[in-house]
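After this come two complexes, each holding subunit A, first together with subunit B and then together with subunit C.
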Partner chain A sequence: MKKLTAGESTITYEESNALLVFDGSMRLANMQEYDVVAEFLREASELSPTDLTLDLRSLRFLNSSGITTLSLFILACKKNGNPKITVLKNDQISWQQKSITNFKKLWDDVEIKD
Partner chain B sequence: MDLENQHTDPPYESWEKELQSYKEEIQDLKMLYKTIAEHNSTIENELELKNEEITNLIQQLRKYLSPQLYDLIVGRPEKASLQYQRKFLTIFFSDIVGFTEISNETDPEILSSALNDYLNDMAQIAMRYGGTIDKFIGDAIMIFFGDPEYQDDRIHARDCCRMALEMRHTVKRIDQHWVQKGISQGLKVRMGIHSGYCTVGNFGSKNRMDYTIIGGNVNIASRLESLADPNAIVLSSVTKNLLNEDYISHFKHSIQIKGIHHPVEVHELLAYKPSEMTDNDPLVAIKNDGFVIDRIEYDQSIHSPEKLQSIEAALLKILAQIESLRT
Partner chain C sequence: MTIDTLGEFDIIPDSIPAEGDVFIRVKPIDFITYWKRCGIMADFAASFYAFTQDNPEVQENIISTVVNELIENATKYSVKRNAEVKVHMKLYDTVLKIQTENYTPKLHYEKLRNHLRKLTEVKDLDELYIDTLAGKPKDPSESGIGLLLMLKDYNIKLGAQFHHDEETDQYKVIIQTYYYIEH
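For the complex of A and B:
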């Protein structure tokens, strides 16, 4: 299990379940600060090349640089054709209601589950 | 050169593929832009809502908290110091009649719940009229008008009196609930109002401050309250003189208060005559669709024959109005 702390948030990667669990409030200052997050996601996608689940249900807040990082990651997976992305969302958190649905518009193969 | 064959040349195919790839990338970037923009809008809208919530909360807090605690909360600790000043205020006291007996005879849980409901209702009314709740002293309430926000002495007196009248109206409703709950005495409240210069500010130590008012005029307001009959609102002449003719009151008597060199005139506030009423009778106000009458008292030993005539005139007006309402 690998863990990345990004400000007030953490991302935990479980290779055995091909699962990325996001927790807390992700509000790094700019895209440059998100480089570590982008790299962490890229490594996870290489270790889980078939399927990868992004569990965002405990991610209370994500700023615009954060949504850009996640969106670019999904576009990179789309370009590669893998891994197949599943996103777990929580409609109780207002930012997730619309923004996560848009992931599917970025790549139609993305599966979104409540 | 055959132009049609030119379209099938290998370089053209690679350009077509590259163009397609760019088109897809542009499509992705458009979608990415849309995703980020919508995400930003969501966050901004939420921020706006939260800002509104915080603004409303701070406004509510301003009413509930002492100014120095409010300043501390909103980030102005430099203002939360031991400061005080002299100000002309209108001061209100109220007290439940026979509360000691009620406490002795009522189940503590029922009494606590009833008392809290009563104090909450009174606090809501006080806030609606812009009163600053100084403190709750058991069943007693101390409120003043004129600080921290000063408007006008007359407005403060007027708002305080309208608050008291509404409180009395609400007390009559709560009285029935208390009886239903098993508090046989019900709820009766005395209220006293006086206006005058007080020292207002933060008193105490640097670690424990109370925002309150002190001075002889505070004592007069408290004393007036203690002299009021059950469910009566008494005013000093100072407050009465700040009211206009919309407020119906009558002179009761003069009293001597310990520490005050001059006698204090006591008036009883009977009603606020809303603007739609057309009659200036101090005892009854006739409206198009009804009438308002407050308590009428007559004692031959103290009242004049003119008073008896005015009561008779008022009763005749009411009878006439009853008759007209029937038809």
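For the complex of A and C:
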């Protein structure tokens, strides 16, 4: 299991389940600060090249730089053709209810589950 | 001197009495030094207004998200010396007017003005979102989608006004958002 702490949030990667679990409030200052997150996601996608699940259900906040970082990751996976991305969302958290469906607009193969 | 007004600016003028009126003035360096303070301020504003609404937890998350984006933008693009960021939040029944005000250098003023003009005039926000992200690898320095997401995904109206201060050659940027509280 690998863990990244980014500001007030953590991302845990479980290779055995091809699962990235996000927790906390992710509001880093700019795209440069999100580089470490982008790199963590890229490494996870290399270790789980077939399927990868992003569990966002405990992520209370994600600012626009964070949404951009996740969006660019999804576009990179689309370009590579893999891994297939599944996103777990929590409709009780309004940013997720409102903005996570955008990921499917970027890549129709993205699966979004409640 | 007022240079330009874009979008839906002053659709509720200041002269109309509000039911809630919070005004905060901060030095941008305070946010830049401890970025977490942007979120703390946004969470405060959200708590202040959300608890009286239906579905307070939902409203708190929405208001905090919107206020945080506005404070982050005002701070990032503010001049750094002798500067202030002003945040003014007024509640009118079911509409929360959130106004930020900051001074910015000419280079950023021009970029922001073009960006806001595009946002307030574009027909298809989904298409702009996809095009913006598709072009990001060429310009990864800034996200540039905060206000776009506010317009696209949240029930808000957006306006902006720009003023030029000839003495300092700085540009005052006033951004107004009107969040129509969902029930």
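Basically, the second predicted complex is superposed on the first by the 114 of 114 C-alpha atoms of A that agree within 3 Å, B and C clash if a C-alpha of one lies under 4 Å from a C-alpha of the other, contacts with A are read in each partner's own complex, and residues count from 1 in each chain.
The definition used in the following text is that a contact is a pair of C-beta atoms (placed from the backbone, for glycine too) under 8 Å apart; a residue touches a chain by one contact, two chains touch by 3 or more.
Please read all numbers here as calculations on a predicted model, not as lab measurements.
*Asks:* Putting subunit B and subunit C on the same copy of subunit A, do they fit or clash?
*Replies:* clash
*Asks:* Count the residues of subunit A touched by subunit B and by subunit C, then name the partner with the higher count.
*Replies:* In the superposed model, C touches more residues of subunit A.
*Asks:* Now for A:64: first (subunit B), second (subunit C), both, or neither, which partner does it touch?
*Replies:* In the superposed model, A:64 contacts both subunit B and subunit C.
*Asks:* Just checking: does A:28 make contact with subunit B only, subunit C only, both, or neither of them? Give me first, second, both or neither.
*Replies:* second
*Asks:* Once chain A of both complexes is superposed, is A:94 in touch with subunit B (first), subunit C (second), both, or neither?
*Replies:* Both subunit B and subunit C are touched by A:94.
*Asks:* Under the stated touch criterion, which partner chain does A:105 make contact with: subunit B (first), subunit C (second), both, or neither?
*Replies:* both
*Asks:* Tell me the contact category for A:78 with respect to subunit B and subunit C: first, second, both or neither.
*Replies:* first
*Asks:* Applying the stated clash rule to the superposed structures, which of 41-49, 77-85 or 113-121 from subunit C runs into subunit B?
*Replies:* So the stretch of subunit C that bumps into subunit B is 41-49.
*Asks:* Jot down the residues of subunit A that show up as touching in both complexes, subunit B in one and subunit C in the other.
*Replies:* Subunit A residues touching both partners: 63-64, 67-68, 71-72, 75, 94-95, 98-99, 102, 105-106.
*Asks:* Touching subunit A in the complex: which residues of subunit B?
*Replies:* 28, 31-32, 34-36, 38-40, 42-43, 46
*Asks:* If you look only at subunit C, which of its residues touch subunit A in the complex?
*Replies:* Listed in rising order, the residues of subunit C that touch subunit A are 32, 35-36, 38-39, 57-58, 61-62, 64-65, 68-69, 72, 76, 126, 129-130, 133-134, 136-137, 140-146, 149, 152-154.
*Asks:* Taking the complex as given, what residues does subunit A use to touch subunit C?
*Replies:* 7-8, 25, 27-32, 60-61, 63-65, 67-68, 71-72, 75, 92-95, 98-99, 102, 105-106
*Asks:* Inside the complex, what are the residues of subunit A that reach subunit B?
*Replies:* 62-64, 67-68, 71-72, 75, 78, 94-95, 97-99, 102-103, 105-106
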